[in-house]
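Look at the two complexes coming up: chain A is in both, with chain B in one and chain C in the other.
Let's turn to the complex of A and B:
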């Protein structure tokens, strides 16, 4: 049967990719699962089988709960803010005005820069001795003296959230802008004739075309925000007093700072599980929403 | 009293003038078709009447009230678009009632109006569906329904039939005509389809390069085309155009020694220079009587109801549509006949019609 031949050929064509996938994802994953049931150290002992001890110890310890909360809080605030500002920026950049092309290009810049550059830049802005934020707020009379924004547990996470939003809202804006350009002009014109105001027009004309692409942005950004590492590592290393420690930072500390490869692996798998659940849940939602403006 | 007046409307995009002073005056209840090839400015004019574009100069008045600067929603107009332009995530029911909903018409009244429009357009079973679940023809009915419920002073149709297949287009054309006869609301309809224009309009404005080439009833446009452009744009197959010279006893077809023996009354009014003679393919007759014209038959095509004969006289091509039973041998000479009224004479230079009778 020709169907069988086509199936065979399809598998043959995919084979090289499958081998690479197994080599770079499958094998390390299997290795990590195996490692997570041992008390292996990063250097030296390969460890012995300890069953679910790592998982039990981690989940019952207070670092895990607190970190999970910090991560969820970070992801929630960051993603919400980015979605709102991204859509607003896209709506603005979709208007006709002089310099629009330049502004569109400029807007992508924060997202296009390497995270480390971004993070370094924000460290300079937040610098307790000569930072721009301190200077601006002092000169405006909003604060009396310079503060260490990244050095105080009360402000460090907020400062990180601002930096991350600045870096990532352009991605949402870009996706939203592309979607806005697909809104048919006739439908917009029809809504004018029908007497729809700005809000009704957004609700009934723009949003249906925006919803699908925005769901994709939401999925991408939630997953990325949940596994955030580099921007935090460069700016605060999870401190002060673990106030900015997210799951990925905790995994890193466990596996590399404390050299506990076994429990680091268990933690990494827990994070993977949470993200998988998120991805599957979102995936179902994307499918539903995508049909809305067909 | 004139219902719609378009008064010297101009529109420029940068240096390009797309509308060069349009004047139209319509009685209430008329069906105006703006007819022209793409890029002639007909859609721009419609958008200006709708308020979706601002003119660079001139005025539009509806029942005596100037519409310039008035928001589209306050113009008492309704519009139907080529792409249907339905709201994708609203049901058919809400799509039709959307204009009323936005105007805060009470729910009961709105429901009644939607039901009435749905009944007229025979789309009652579709009311709870989404636009994506409808065929093209059904979508266009919904779009028309959305315009109907508002009972506006003026309907604007922007090529509403262009996206439909041929059979459906004919059905919807009849439907539009039926609705217009029933509602008697003034309509401005944009199209590039001359059949649509001829069948629907009470008046046609043939547009070209941002100007009105001719404004008149379908009969006037067809029987007395004002320019060569109108003459060839309206009619299918298009009007034959022959280079001719007026002589003492008739019209000499250039490149041949064939003379159409036109009466002296016609010839008297003609200038000496080069002329274009227009003859509609369908005005040829196979039987004798009238002015004879002999041409060489090159190709015959039987369409069913008629025979399309392509021939030539002195190297100039000519098409005639004849009854299907006519026998014409390819390569032989065929003599057809014409009435004097079938001769349209145009100035070869300006392309303008020369009134002969």
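Let's turn to the complex of A and C:
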């Protein structure tokens, strides 16, 4: 068979996927780019060309900087926490003890729980009048009166972060555990013979095996954390006083609550650009780590 | 290997118990809320375990009496099953040929990379044109329209999983069949696809879970019982003026049941899929 026919055949097999992808992703994205240079409304007027006005107005407005900061802070804290606790849980699950298989099975539960159910669950736990957190802390004598965890700007973001970490650290743990189990036993045995301590063993024997999979998890979790919408929408809708408003929430408000499709599109593209830059920077890092671990 | 000293063993067990408590406590509480009488949930100090277990909310939500809370819930359950199911079937149907093509013909791989890179796009970057297009074709508040939109998430992911699945099937087996006189289509049908069935199943499960979990597009593109999915129905309950928190918790338990059962039963396959194909998007 000739090479051209094989390549043509491959394209033919991919054609259905590519057509659908162009229809539901490619074309809408191109349309978003076009919209971002107009003052179009969500319904009614298709708007007229306004150049970079939307971008300039958004970036110089005060909502943008604050929202970008909130989003970055949220992403940074949840991803770091999930990585640390995920690796610790994986190291634990990689030890021999009774009930370890059961515990490993439990780890899949938070991951399988739908995001909206997780958000609803934590919203109930944080409830200012009847919530379990208030009840538990009061009964333990840690707080004197019930508090509105999601209703106060000082605690709302932290409460969201806890809820997000609880759902996502088990996933990091499962990925890290799979990587740990790929560490060859004779390499570990050899490090014992060579007299390596626990820390040296982790740093020089285990970590190189963990680095690759963990970097991938880090990249994907960072992208997701930056795009976060669901959990925040269900728990706080970006409030109180916009203290939990992330970029995706801001775009939603701009495009759908205020029906400013044009400037919503510009904002969405700015978010896309930031995520792309992050992903490319990370991608370069992943290659480096993978190279040095080999 | 290492002799474990008793102190270390004790530490391991304490840590394991702590981890189990962290994972289980919120989940157990969701269940307890669903079976506690409303008075117990509003009591101060809070009653952590109901005096009498009350399963009536499950019956309430699953009843199909017209205009009841159950009717809205069962409608959203049906919509979620339909949307996630249709999107899964379509995504796998697109992913199998495309995944095989990329696996066997690396020179077209860049197009898959491009498809996968769309994972970085926040849904908000597509939402406005998709909204306008669905409105134009009369597909707003429609399960078919929503399933089509879900392909933006499901199709790249399943193709990626299928591609790595086909990578694990040696092409020598296919070549041997071709040498023995089988046509390419016979080879695929008799040799490759049966070997790939586990990966097809894993991809389909992942796709279904993603569809079941989806909230953003469903929130934007549906407005009533004809298309509202479970996630939107639960968010409505959580954000609305429902005075019985137990009812919200019950809806949560019911919505969580299918993916949690899938997760537990298919654990091994899901974990290998997670590590091979990356992470759930």
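Here is the rule we go by: the second predicted complex is superposed on the first by the 288 of 294 C-alpha atoms of A that agree within 3 Å, B and C clash if a C-alpha of one lies under 4 Å from a C-alpha of the other, contacts with A are read in each partner's own complex, and residues count from 1 in each chain.
As a convention for this text, a contact is a pair of C-beta atoms (placed from the backbone, for glycine too) under 8 Å apart; a residue touches a chain by one contact, two chains touch by 3 or more.
All of these numbers come straight from a predicted model, not from anything done at the bench.
Chain A is touched at more residues by one of its partners, and among chain B and chain C that partner is C. In the superposed model, A:196 makes contact with chain B only, not with chain C.
When the two complexes are overlaid on their common chain A, residue A:63 makes contact with neither chain B nor chain C.
Of the two partner chains, neither chain B nor chain C is touched by A:286.
After overlaying the two complexes on the shared chain, residue contacts for A:205 are found with chain B alone; chain C is out of touch.
Residue contacts after overlaying the shared chain place A:77 against neither chain B nor chain C. By the touch criterion stated above, A:187 is placed in contact with chain B alone, chain C being left untouched. When both complexes are aligned on chain A by C-alpha atoms, chain A residues 189, 192 touch chain B in the first and chain C in the second.
Taken in their complex, chain A has these residues touching chain B: 184, 186-187, 189-197, 200, 204-205, 207-209, 291-294. Taken together, the chain C residues at the contact with chain A in this complex read 1-2, 9, 12-13, 15-16, 19-20, 22-24, 26-27, 29-30, 33, 41-42, 44-46, 90, 93-95, 97-98, 100-102, 104-105, 107-108, 111-112, 115, 118-133, 148-149, 151-152, 155-156, 159, 209, 212-213, 215-216, 219-220, 230-231, 234-235, 237-239, 245, 248-249, 251-252, 255-256, 259-260, 262-264, 267, 270-272, 274-275, 278-281. Listing the residues of chain A that touch chain C in their complex gives 6-7, 9-11, 13-14, 16-18, 20-21, 24-25, 27-29, 31-32, 35, 42, 89, 92, 95, 97, 99-100, 103, 105-117, 119-125, 127, 129-130, 132, 135, 138-139, 166, 170-171, 174-175, 178-179, 188-189, 192, 213, 216-217, 220-221, 223-224, 226-227, 229-230, 233-234, 237, 247-248, 251-252, 255-256, 261, 264-265, 267-269, 271-272, 275-276, 279.
Listing the residues of chain B that touch chain A in their complex gives 47, 50-52, 71-73, 77-79, 81-90, 98-99, 102-103, 132, 146.
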